[in-house]
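Some structures to go through are shown next.
Below are two complexes that have chain A in common, paired first with chain B and then with chain C.
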Partner chain A sequence: MKQLWIKTLERIGRKPTRIEATSSVMAIICGLLFGLALMIVVNPAQAFPGFFTVITGPFQEGMRSLGNMLYFGVPIILTGLSVAFAFRTGLFNIGATGQLTMGALTAVYIGVNWGFLGPFHWVVAVLGAMIAGALWGAIPGLLKAFRNVHEVVTSIMLNYVAMYFNTMIILNFLYDTQASRTAHPLPSARLPVLFLQNVFPGSRANIGIFIAVLFVAIIHIVLKKTTFGYELKATGFSRDASRYAGMNEKRNIVLAMIIAGGISGVAGAMMYLIPGRHLPYETILITEGFTGIAIALLGLSAPIGVLLAGLFYGALHQGGTYLQLYDFRPEIIDIIIAVIIYFSALSLFLQKIVRTFINKRTKASMGLSEEVEAR
Partner chain B sequence: MNEFAGFMYYVMPIIIMNMAPLAIVALGGLYTEKSGVINIALEGIMIMGAFTAVYASIVLTGWFAGMPIQAVVLLGLLIGALLGVLFSLAHAFASIHMKSNQIISATALNLFAVAFTVFMARTMYGVRRLPFTETIMIREVPLFANIPVLGPLFFTNAYLSTYIIIVIFAVSMVILYKTRLGLRLRSCGENPQAAESLGVNVYKIRYVGVLASGALAGMGGAAYAFTFQRQFGGEVFGFGFLALAVMISGQWKPMRILLVALFFSIMRLIATQSDSLPGLDQLNLPSQLYRMLPYIATIVVLAFTSKRSQAPRAAGEPYESGKR
Partner chain C sequence: MEHVVKMEGITKEFPGVVANDKVDFDLRKGEIHALLGENGAGKSTLMSILFGLFHPDEGKIFIRGREVRINSPRDATKLGIGMVHQHFKLVHNFTVAENIVLGEEDTKNGLLTMEKSIRRIEELSKLYKLKVDPYAKIEDISVGQQQRVEILKMLYREADILILDEPTAVLTPQEIDELINILQSLAKEGKSIILITHKLKEIKLAADRCTVLRLGRKVGTMNVKKTTNEKLAEMMVGRKISFTVTKKRAKPKDVVLQVENLRVHNQETKKDLVRDMSFEVRKGEILCIAGIEGNGQTELIEAITGLRPIDEGFVRLNGRDLTHASIRERSLAGMAHVPEDRQRHGLVLDYPMEYNLILQQYFEAPFQRRGFLQFPPIRKYSEDLIGSFDIRAGEGAISIARNMSGGNQQKAIIAREMSRETNLLIAVQPTRGLDVGAIEFIHDLLVEQRDEGKAVLLVSLDLYEVMNLSDRIVVIFEGENVGEFDPDKVDERELGLYMSGSKRREAS
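And now, the complex of A and B:
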């Protein structure tokens, strides 16, 4: 038993990515513990049963809650992928929220008005969302590449512009006065449920999860196997060096933001081309874009990692839906996510802890671990 | 002429009450960047400051029924500043001692602030928004309001918080540019290695910079809530980010920051008063169009001012003692 433990530690210590992944897990644990502590402070009697329900959320109601975990995970996987992709090019896409809003608005607009498209209706709505998000993402990209404006500030400003634009368009063109809310997309624009209704009966799982996985696969291949992906990563490591190597670093920055924006736009379509969900017309920022930042960090900015982290979020969110039963407010999930981001910012420190821990326990592999530390 | 005077008497107080919190939060941003740490958590710190100030004002008026409202405001500002310091400590620790990515740790603080304030409001009061209905506005400042022209321009329909903030802005500027501490602070943002070689404790000074920004942003948040809102719902609508943009377009120089803050205050005046400003009220454009204006203006201004950045050279770089 003890030997197995040391062997596992050795295996983790051998590769930097494994150490990083361990620090991600530690960040998650720290966030969860903070959430538990807050629950104990607010309502000690219900804290432990409530917390247990949150972490076992996807298994509370069998296949139904598992299906809902997939459903909640979809937009987060996509926004996380969007942020992670931009990260690889050295850009911080804090504007995923605005891109998502523009995508959602476009998808709902097409979904309400373009019924003549028949069976292609939902496909066109999703493509429209992708284009809208891409255009919205292009703005900070262009400003960064050609005017040296920091993309963080521009994309935050664009989040608010998108928020007001969304309200303006809905109130003037998409408002259902009888129900006093945003008009609902036609049935032909809804995302197909496919066979998932049989696998996860009663859940809200739909084709979205396959679309999300498809995007993860495409981005994985682009980053790992193509020259374009290599150039993007090179630009991310050093703008000057990539220019010196003859790459068009300005074009790469703009393209990276267009792709990131497009992915966030699709996330918007996945959220609102669904029966019973209405795009809010109030002036509020849609939080899924910000959550994507956490997911990108936890997933170490790698597509596969984002997929796993996004599913973790889906599980947490599904667990959060039961919180009302224990008299807790569901915002506790957002607090946990924020604390997880904070601890993933401390990842350098956490990695150091992991390394020292491993070094201490596996004296035999000292040489190897030191080599890892030197990198 | 009379009509013009009336117009000015109407808009000037609004411009000033926008400008004061904007300038003080931008100055907070200046403090932290001058010391070498980027802090985009100003928004979150404002939210936390605003929340505690509003909460404190509700509690205080409950405890001491006869307490004058202006005293409550004064205490609220102080408590907001105090909480700003505490909250920014998390960012300071991460970015100075832990050498973290400063954008990420600040983003965490921003998200935490929104979630935490809404969570607390719902847990304590069962509502998303804390209501506070007391009238805080001062109709006329005694004595000063009677001065011709200046009286109606600057001393009517004002808020105590605005005046306090103007005083603190002046004091902070003197500290940053005329004292030994200010010089040390600025040296840590430009060339921390040189500063340390002359015996300055870079870590300590950077803590001072970040915590000062926390105090100023927390107080700015409190002033924002007292001035613009009747109920607080965990949002300052990007005001902290606007302040950040004010600092960047002001090229990290206080006088320019004031000028840019004035420009943005006029934008916010148009955004918030579009239905009562002469001329605009007849255009019949959707109000959301005006609401977008400050944010679009920010992007345009940044596009023209960012090409040659005057940012402190070491801003955003974690400092390691002994590294060259």
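And now, the complex of A and C:
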């Protein structure tokens, strides 16, 4: 048993990505423990059953809750992917929210007005959302590449521009005065549910999860297998070295932001081309874009990691919907997620802890490592 | 003989590496003791332990016969130990005096009183012939003077055990002579000096004894007067080393690179970094640009390779005008570039070796097909290069560049740039910071490239390298070509005068 433990630690210690992954898991555990503590403070009697329900959320009602986990995960996977992709290129896309808003607005606009498209209606709405998000992402990309304006500043500003623009367009063109809310997309613009209704009866799962997985797969392949991904990552790791190697960093920056924006735009379509959900017309920032930053961090900026972290978010979110049964506010889930984000932001610190721990435990059994001979 | 420092059985382990393995070291009062070894031999670790930056895992340290624990540089200072690091630790917009007193300021009612300190600095600089102007700002004085400030800083703190880490790396031959004189007069006054270096010539000139380290272990301590450079080098590397590059006379042919009236202007300071620079490099010769650091070499090469825009003049490669071409166009036209800053430009440090070895060719067949990287050819290519250039990396092709030693990083860059189909090789300080073994290897490769018919443009600060390797020398001073020389008809001393701007002649 002890042997196995040390072997596992050694395996983790050998690769930096494994240490990082361990620190992500630690962030999650710390966040959950903090949530438990909070629940104990708020309502000691119900804390443990409530907490148990949260962490087993996706399995509470069989396939229905599992389907909802997927549903909640979709926009977060996409915004997380958007942030992660930009990050691999060395760009901090803090504007996922704005790109998402523009995508959502475009999708709803097409969904409400372009009924003549028939069976292609929802497809065009999603593509429109992608283009809108891409254009919105291109602005900070262009400014960064050609005017050296930091993308964090521009993309934060554009979040607000998108928010007000959204309100303006909705109140002028998309407002349903009878219900006093944003008009609802036509049924033909809704995301198809496909066979998922049979697999996950009663849940809200729809084609979105396939779209999210498709994007994860595409980005994974682009980053791992293509020369384009090779260039993007090189630019992200070292702008100087990629310039030295003759890569067109300006073009790469713009393209990376366009792609990141497009993915966030699609997330917007996934959120509002759904029966019963209305794009808010109030001037509030849609939080999914910011959650994406956390998910990207937690998923170590790797597409597969983002997929897992996004699904985990979906599971927590689904678990949170049951909390009212135990006299808790579902907002506790948001607090837990916020704490997890805090801990993942401390990931460098956690990584250091993991590293020292592993070194201490394995040193005795290691002896002289290969590195010495390699020198 | 009194031992001011005695280190016994010092062992220091870093994760996976034994940096010092039971090393003994002793320093006598009033001697200059050189510490010699390749990169990674453990010299700096040993001295960092003495200066309190690291704690040894095992071993004892005695200062003036008393066993001590040195937990921090502050403890070391209290014990009279001072250190000049390879990269000076000076505040650039402070005056010399302010830098010297930093951390030890005299105050009166909480206000600085500099007069007393300045008087002491002047006394010290007179006593040890360390001429500096206490009121000058650091940014306005030469590197050699900055080094004197660092030495004064130690003396001001009443250090009598002085550690100097690679002190000559940044100096001209004249400045090196001065430094050695200063060190010898310091030793005469009873100071004990440790000189970390891998330059054998200076050890011969300056040191009394020399301790050689290899792979973390002590090889031996020699009396410098009773040994030869060859013997020391052999101890350091563990095999025989040839010092002179063996090469045939160059047979220069057609002009490959032509640089004409090149001007590079700095918009902010309104100064010309490179001015009216002209020269040409021919097929089959090594042209060396010699000069003191910071005289426009960096900017000149950046302009030629496309990293920096050219304000005036022309760059032609095989007759083709590349003045305003992109970096990629230049590279495809036949320019290979071993950059000055190998970690910043030369490598994507977080990429594995195989990715770094195709950094200039990833978009060409067979490494790419329809936009997709072709992994088997990439692996094979990189394994070939790793084998033929003897790049030592723990995990071969998949080793992350960041985890490799400086020498192997440089070998990787050189392997990449030399293995491409090019007709011009630009190498900027290709051997900076490397040990003699690696230097020998790289020098041989450069000559080989020349003999294969490439034009080689070498930029070096190391006069020894310049004299040994080049077929023609251009001296650069403040961005200008101040003279062109045949290495057989000029000596280091003469070159030094041109490099420091004391002499110049119109380019022929």
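The definition used in the following text is that the second predicted complex is superposed on the first by the 362 of 375 C-alpha atoms of A that agree within 3 Å, B and C clash if a C-alpha of one lies under 4 Å from a C-alpha of the other, contacts with A are read in each partner's own complex, and residues count from 1 in each chain.
One rule holds for everything that comes next: contacts are C-beta pairs under 8 Å (C-beta built on N, C-alpha and C of every residue); 3 or more make two chains touch, one makes a residue touch a chain.
Bear in mind that the values here come from a model prediction, so they are computed numbers and not experimental data.
S.K.: Scan A:149 for contacts with chain B and chain C and give back first, second, both or neither.
M.R.: A:149 contacts chain B only, not chain C.
S.K.: According to the stated criteria, A:173 is in contact with first (chain B), second (chain C), both, or neither; which is it?
M.R.: neither
S.K.: Between chain B (first) and chain C (second), which, if any, makes contact with A:331: first, second, both or neither?
M.R.: first
S.K.: Is A:346 contacted by the first partner chain B, the second partner chain C, both or neither?
M.R.: Touch partner of A:346: chain B, not chain C.
S.K.: Taking the superposition as given, does A:244 touch the first partner, chain B, the second, chain C, both, or neither?
M.R.: A:244 contacts chain C only, not chain B.
S.K.: Looking at the overlay, does A:120 come into contact with chain B only (first), chain C only (second), both, or neither?
M.R.: In the superposition, A:120 contacts neither chain B nor chain C.
S.K.: So which one touches more of the residues on chain A, chain B or chain C?
M.R.: Touching more residues of chain A than the other partner does is B.
S.K.: Can you give me the overlap between the chain B contact set and the chain C contact set on chain A?
M.R.: In chain A, no position sits in both the chain B and chain C interfaces.
S.K.: Under the touch definition given earlier, write down the residues of chain C that touch chain A in their complex.
M.R.: 15-18, 40, 215, 306-307, 326-331, 337, 339, 341, 344-351, 355, 359-360, 362-363, 368, 371-373, 392-394, 405
S.K.: In the complex of these two chains, what residues of chain A are touching chain C?
M.R.: Interface residues on chain A, with respect to chain C: 225-228, 230-231, 233-234, 237-238, 240-248, 359, 363, 368-372, 374-375.
S.K.: So in the complex, which bits of chain A are touching chain B?
M.R.: Those in contact with chain B are residues 42, 92, 94, 139, 143, 147-150, 152-154, 156-161, 164-165, 167-168, 171-172, 283, 290, 293-294, 297, 329, 331-332, 334-335, 337-339, 341-342, 344-349.
S.K.: Given the complex with chain A, which residues does chain B contribute to the contact?
M.R.: So the residues of chain B touching chain A come out as 40, 90, 94, 98-101, 103-105, 107-109, 111-112, 114-116, 118-119, 122-123, 237-238, 241, 244-245, 248, 286, 288-289, 291-292, 295-296, 298-299, 302-304, 306-307, 309.
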